[in-house]
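Structure incoming, see below.
Chain nomenclature is as follows: A, B, C and D, assigned in order of appearance, with residue numbering initiated at 1 for each chain independently.
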Amino acid sequence: MGKMKKATARKRTGITAAQFNKMMYENVPLARLFGFRAISIGHGTARVRLRFHTDVTRAGGTVSGPALMGLADVALFAVVLGMIGKVEMAVTTSLTINFLRKPGPVDVIAEARILKLGKRLAVGECALYSEGDPEMVAHVTGTYSIPPR
Amino acid sequence: MGKMKKATARKRTGITAAQFNKMMYENVPLARLFGFRAISIGHGTARVRLRFHTDVTRAGGTVSGPALMGLADVALFAVVLGMIGKVEMAVTTSLTINFLRKPGPVDVIAEARILKLGKRLAVGECALYSEGDPEMVAHVTGTYSIPPR
Amino acid sequence: MGKMKKATARKRTGITAAQFNKMMYENVPLARLFGFRAISIGHGTARVRLRFHTDVTRAGGTVSGPALMGLADVALFAVVLGMIGKVEMAVTTSLTINFLRKPGPVDVIAEARILKLGKRLAVGECALYSEGDPEMVAHVTGTYSIPPR
Amino acid sequence: MGKMKKATARKRTGITAAQFNKMMYENVPLARLFGFRAISIGHGTARVRLRFHTDVTRAGGTVSGPALMGLADVALFAVVLGMIGKVEMAVTTSLTINFLRKPGPVDVIAEARILKLGKRLAVGECALYSEGDPEMVAHVTGTYSIPPR
């Protein structure tokens, strides 16, 4: 972590997917239960996977709504931390989800991107896909409060 | 369940909290993991509890965002089924949450109510409270698609 | 206005309905076109009227959606300024509206209230009613950014 | 209009920008006041312009929030009618806007696209831009109820 802190000090570099996953598993037990894992974090983008498994299914073999909402929230959070660095006090202030199609019994991929990074508020959008299917399963927008630096 | 079906046939009576919990635990594994339990379902209202426990916490001893979103979704769903009866095909079409305050390390109570019950769409709102604290922790609105009867 | 400034300096008193209307008509031409008028601003609440007239109708004799959205936005803004005083730089950051019923060919009344007044963000909700009809026509939540003081 | 009806009868062709503008100006007086005009309607997309003029400004020379919300609503509506044809009874059921940046004193361009066209509900998203500036001014998602055919 010392390495990351130095980078942050230098130019507030964002965190990597590996750093994000480590922090997420330490701080948010649900992330492990849900089976979330950041695949990549770029400049203003992030991709996060939800592993399909029994705990997140619901009758009919589809993925439960709260699991999709949690996935999008994590992906948007990854986008924000990918830009401002490890700031544990950044918090979700609002989130809107539109459920579009019933996801299949496979992993879900979240593709999130920043819409605006302000000094105090970040806004992003996130598209969810069943792996291997180009049709969007859900669309999410979220806002995140950034603590004073 | 035979009794409920008869009642439904007669005048599409809504389901009770006990019936709702039974259905929820059978169909949605996450509901048990999260520790959701419907306390009461009235005419156009529902109250649902989220039990505070390790799995739903996050660093700092607060309740995780996805657990709050899931709780509100379940409470709104309970309101809808409390009005139209056991219709497993009713689905969430959209949900908006505003996070207002950091919940304390206690159970969270969701108080949901119907705003409109149409033929095809139901809309409700839900307030979340840390048990014993009158300040709202989060506010949610949700829309639910009702299948053709 | 001198009187108000003094009050603000003393204890950041919120503005009155009359002060709000004056400011609104000076700064927002649309407010006059739409026929908005704040009726009352209380502690954490506001009531604003939309006058029914040709410009805000749409085919079928109902009130146009954008007029309803504008009305709710103004009512929520009135709630915020009613609490923090005349701060022209407070801005809407997000707004979610659920349209519930077709409004009748009469004035629309917005009843807004604060859900959270933080240092940097205020959140409120607003119910819209056709005058004289207890059924809610639309439900709105909005968030407002408060400038550093 | 006879030509359009025939087309609709044949294969439910969507309407063109010219047909959309004609219908909009006839049915929604606000559209003229606001200065909305559909530029193009494609397969699942639409582009609509808000003419910058005094009535839609607010103090500081920026475009008023309700004008932006109205613009996005119209653009999303154009996307839907571009797919299902002239169905006057299609109505907005919900809309969420995130205001990202203060628009400049120029025309605003809305670029809307469909996310899902179901039998009963259509969902779309819309990005707003100040003309000539690549930074998004606001992001909107909206849902539209489609009447039974």
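Simple rule for what comes next: contacts are C-beta pairs under 8 Å (C-beta built on N, C-alpha and C of every residue); 3 or more make two chains touch, one makes a residue touch a chain.
Source: prediction; values computed, not measured.
**Student:** In terms of C-beta pairs in contact, which of B-C and A-B ranks higher?
**Tutor:** By the number of C-beta pairs in contact, the winner is A-B.
**Student:** Taking each chain's centre as the mean of its CA atoms, which one is most distant from subunit D?
**Tutor:** B
**Student:** Specify, for the interface formed by the sequence copies subunit C and subunit D, whether it is same or different in terms of residue numbers shared by both sides, with half as the dividing line.
**Tutor:** Over half of the interface numbering overlaps between copies: same.
**Student:** Please report how many Å separate the Cα centroid of subunit A from that of subunit C, as a whole number.
**Tutor:** Result: the chain centres lie 34 Å from each other.
**Student:** How big is the gap, in whole Å, between where the Cα atoms of subunit A centre and where those of subunit B centre?
**Tutor:** Centres of subunit A and subunit B (C-alpha means) sit 24 Å apart.
**Student:** So the centre of each chain is just the mean of its C-alpha atoms; given that, what is the distance between subunit B and subunit C in Å?
**Tutor:** Roughly 30 Å separates the two chain centres.
**Student:** I need the residues of subunit A touching at least two other chains; which ones are they?
**Tutor:** In subunit A, the residues touching two or more other chains are 93-94, 96, 98, 143.
**Student:** Which subunit C residues qualify as touching subunit B in the complex?
**Tutor:** 96, 98, 100-101, 115-116, 123, 125, 136, 139, 141, 143
**Student:** Hey, which residues of subunit D end up touching subunit B in the complex?
**Tutor:** 93-94, 96, 120-121, 123, 143, 145
**Student:** Could you please specify the touching residues of subunit C with respect to subunit D in the complex?
**Tutor:** 26-30, 33-34, 54-59, 64-67, 69-70, 73, 88, 91-99, 102
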